[in-house]
Amino acid sequence: MAVQAASSGPPTPAVVASRRPGTARARLRGLGPSVVLLVISIVLLYPVIDAAVGTFLTQGTGRPTLGYWRQAFAAIPVFKDMGVSALLAIVVVAFVLLVATPCGYALAKLRFRGSGVVFLVAVACMMIPIESILIPEYINFVRLGLVGTLWGTALVYIGMGIPFGVFLTTNYFRNIPDSLIEAALVDGAGNVAGFWRVMLPLARPALAIVAVMQFLGVWNDLLTALLFMPQSVQTIGVGLAGLPGTHVANTNALVAGSVLSAVPPVLVYLVFQRYLISGLTLGAEK
Amino acid sequence: MTQPFSGSSGAATFTDVAAPEDRGPAAEVQRVPRRVGARSGSSATFRRRAQTGILFALPATVLVAGIMLLPLFQAAYYSFTTWNGLTSTYVGFSSYTQLFFHTVSIGQIVENNAWVVLSIPVGLALALVAAFLTATRAVGWKLFRKLVFFPVALSWVVIGIVFGAFLAQDGGLNAVMRGSGLARLTQDWLGSPALAMPALLVTFGWAMFGINTIIFISGLATIPPDLFDAARVDGAGTFRVLLHVVLPLMRRFVGLAFVVTLISGFTGIFGLIYVMTSGGPGFSTTTLEFQVYQEAFSLGNFGTAAALGMVLFAMMVVVTGVVGVISGRSSSI
Amino acid sequence: MQVTTSIRRKGLGLGVAVMAAVLGLAACGGGGSSAAGGKTKLTLWVDGSISGSPEVPVQIKTFEKAHPGVTIQAVIKPSANYFATLQAALISGKAPDLVSLYAGSYLNTLEPYLVDLHAPGDVISNSTLNNIPDEAVWTKSGKVSSGTYAIPESEQFYNGYYNKALFARAGITSLPQTWSQLYATCPKLKAIGVTPIVYGNDGNGGEFWSLAEWSYLLAGATPASAWNGFLTGKLSYDSPAMIAQITNWAKLYTDGCTNANALTDANNQPEFEHGKAAMIIEGSWDTPVFQPYLKDNLGVFEPPYSTSGKHMIVELAGQGFGVTKSSPNKAIAEQFLASILTKSGQTALVKTGQIPIYTGYPMPPANQQLLQTAGGAGEQVYPMFDNYMQQSVTTVALKVLDQAFVGQITPTAALQQIEAALQDLPASQKSAIYPI
């Protein structure tokens, strides 16, 4: 069972390998693995489907009803709130990627004094419990006049998201051999635009994960949005939290709204999920 | 809950240079860039690289310093005072001593946090198995990869509500048990001091499973399948392949997934507790983070809350450091 | 090449999305600063949801009609983080003019930010304040003259509800007045197939909220005039009398008088509403909740948590409103508060099924019965004790009382923990502020 070095020639991820005739067959050692995946899928989805289906049934009697969904839509402007969340999330994701990716590259490849410290600080910042800094943050932002503005809220999220983005991209760039980057740079990246054109495809898995996770983080957040958003608009997270939830009947409305609210992040994930296994070989997808 | 979960980098571990066709976008020859001399390593180049490096890192550093570090130091300052938001009195370390020696059941609270940490490897092992099975391209692997994220997309509050109902006396879990002849085992899971924490941890593991699996899928994709074939040729069974070939190569990703789950275990699990058990019965599901919330927002006691927050932060840094050492990466966590 | 084009396209698409989002943010953002010429705009924060306070929009509309040029915007803040959000706003000076508040000792931390409505030169006359029942007003130390920081719009009681029809069917002809009489009702109710007393968390997650019964448990052990001893430490929570009380209370569970999942039942209210349980002990805010289901069968009773048959009922303030010190419109805000106490304001409240501050309004029979009981001869009305307990003691009590009830810990252990929490406090937090 010696671990052999990769053979010479272009690397072939499993994706490509499965195209080779005979390999696919060999990999299908019975349907055992598929059964396991199926069981796991059921465990993952059953409680959620159970609850989602429950939102269509009257509490206590089990009769089908649209009442809870109507309640949810009557209580808050569901689609408007989701629009606000989407707006916020897109801006935050864009800025986090914009700021964190070059930083990750710099920390990984461009040696400068203090780069190690910057990286450690970024990692440590990922672990700061938000509740601890939210009140001082709020006061600072009030003094800057940023509270009650969408840009202020976005700024808080961006600040909170950069450490993770830096952490991920740095690790990612560290794994890419210097020679590869040199070659790509020589070919056409003498300036900022070029840098992006080259780095973007190389860093796709990292960027994909950051984009998906950051989108989700903003989408589902409550406390920051509650404190920093203007009175006139609210995110879907805040909106759902405002649904009356003291009575069991109303919990169904909340679950209904939340299940609906989970759809956009899932869609975002579906768009990006194939980049998770992409990398230095492009186009050899699926 | 705004902190995104950390994920892996799908980096490859190539030992040779990729062929020219595999490099990035089309190699359009443009005007010769200034960096062509990079390989020569002149000191001017190093200086320029360092300058570029600082430039690239500057926006991120400035933003993080202002938005994360500054309030952290402010909170640290307040942890040495009693601060109700309006007035503050310097009290030295008394918030910390009050925390460690006078908080009711501080032992139980810390023990709960320990259980969270201990439960993480179990979840990681399951995720690794799932990722491995996906990598073998078993029938349905693409669908599985799409589905695995769905629990991740739900907010902690909703997961709490769903599982709170699922684990109730008249909930889904007990129904399943009755249906499969395990009626003797049915109970009020969240109402039992001994079982509430395990039930909570299972819920937490369920929620984090998708992320960890995705991390590992990304990681496994970087392992050349020739290794799998080579191992098989040697006569190794699947399990031994997993243990002796895959795991060592995945060490970095395991470490990454551990940190991600750890951070959520210290920060995100709050939402679950809030909705499912409010820290009870008694203190059996109260974690340090939940206690922070109660101190700060229920009691208006920001000084103590800030102190608790500092302790939480320190605990996470320490555990992460230990994990970093174990996973053998000294230069990065 | 193919790859480049597809990246370019994706890049372009992404770029467009981002641009749209950025422009969108700029368009929607930037909040609403009110200063429109001529009109005064006030903001009122409502805790929870409008459906929980349906009288507020009515009161606002009435006030706006009477005061043209003034608009009040009611802003709902989710209950879950109401206090946190409010405190953050107060700290930063971005607080609303009016805030809704619920009774509780947490209000003591808000005191520095709220206007004293009893101060001289104040819009609300002192005679008006003096006419509000003592328990209902939120004051600095139990007396209106010591500083009044919020006025209530409604009164509440902690009480039990029972299903009259089920009691009749079970052959229970009089309300239980002592522990033993309460135990005696259980077999009769179980015989007709219903849960005697249902406990649960009202769908709120966590365990059932025991503070509604706490004052009654204390009252059965010692008279309210002595309760200051519980605040100063002179009286011990783990005295034999208290241990006996909690033991009697836990006997309800062991006797099978309650549902087995008393700690976490999320359906306790629906079970009562649909006649599956005969009794439930919560508070008068539930009257509008239960009334539509039980209609004329809705009865009220005082938890008979004593061996001697003492008559006691616990009263508390309902939702109240205060004016923040940072408000630029204090006078008008106070006028709004005053309007809540007028006939129209109180009528709007009564329509929602709550109990008004003043008498003389038509009410659902259940609420009427509560007021009658409270006014009855030999009846003692106590303010809720948990309003005055120190917060850290309350937190412990909330956790251990449930456990003692279902037998997870002994009554002695539970009371010892509460006592320990009290002893742990510094002397500055042990003041005798209970007003009886």
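First chain written, first letter: the chains are A, B and C, and each begins at residue 1.
Keep this in mind: a contact is a pair of C-beta atoms (placed from the backbone, for glycine too) under 8 Å apart; a residue touches a chain by one contact, two chains touch by 3 or more.
Keep in mind that this is a model prediction, so the values were computed, not measured.
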Exercise. Are the chains arranged, by touching, as a line, ring, star, complete graph, or other?
Worked result: complete
Seminar exercise, completed: Higher number of C-beta pairs in contact (A-B or A-C) found for A-B
Exercise. Which integer distance in Å separates the CA centroid of chain B from that of chain C?
Worked result: 38
For this session: Please work out the Cα centroid separation of chain A and chain B, and write it as a whole number of Å.
Result: 13
Seminar exercise, completed: Note: chain C sits from chain A at a C-alpha centroid distance in Å of 39
Exercise. Tell me, which residues of chain C touch at least two other chains?
Worked result: 3, 7, 80-81, 84, 88, 91, 266-267
Seminar exercise, completed: The positions of chain B in contact with two or more other chains are 25, 85, 161, 165, 296-297
For this session: Name the residues of chain A that each touch 2 or more other chains.
Result: 134-135, 197, 201, 222-223, 241, 251, 282
For this session: Please name which positions on chain C make contact with chain B in the complex.
Result: 1, 3-4, 7, 80-81, 83-84, 87-88, 90-91, 106, 109, 112-113, 205-207, 260-261, 263-267, 391-392, 395-396, 399-400, 402-403, 406, 408-409, 417, 420-421, 424
Exercise. What does chain B use to touch chain C in their complex?
Worked result: 25-26, 84-87, 102, 104, 160-161, 164-165, 168-170, 188, 190-191, 193, 274-283, 294, 296-300
Exercise. Which of the residues in chain A come into contact with chain C in the complex?
Worked result: 59-60, 75, 84, 86-88, 90-91, 94, 134-135, 138-139, 142, 147-151, 154, 197, 200-201, 222-223, 226-227, 230-233, 238, 241-251, 282-283
Seminar exercise, completed: In the complex, chain C touches chain A at residues 2-3, 7, 11, 14, 17-18, 21-22, 24-26, 28-32, 43, 48-49, 51-52, 73, 75-81, 84-85, 88, 91-94, 202-204, 266-267, 269-270, 274, 289
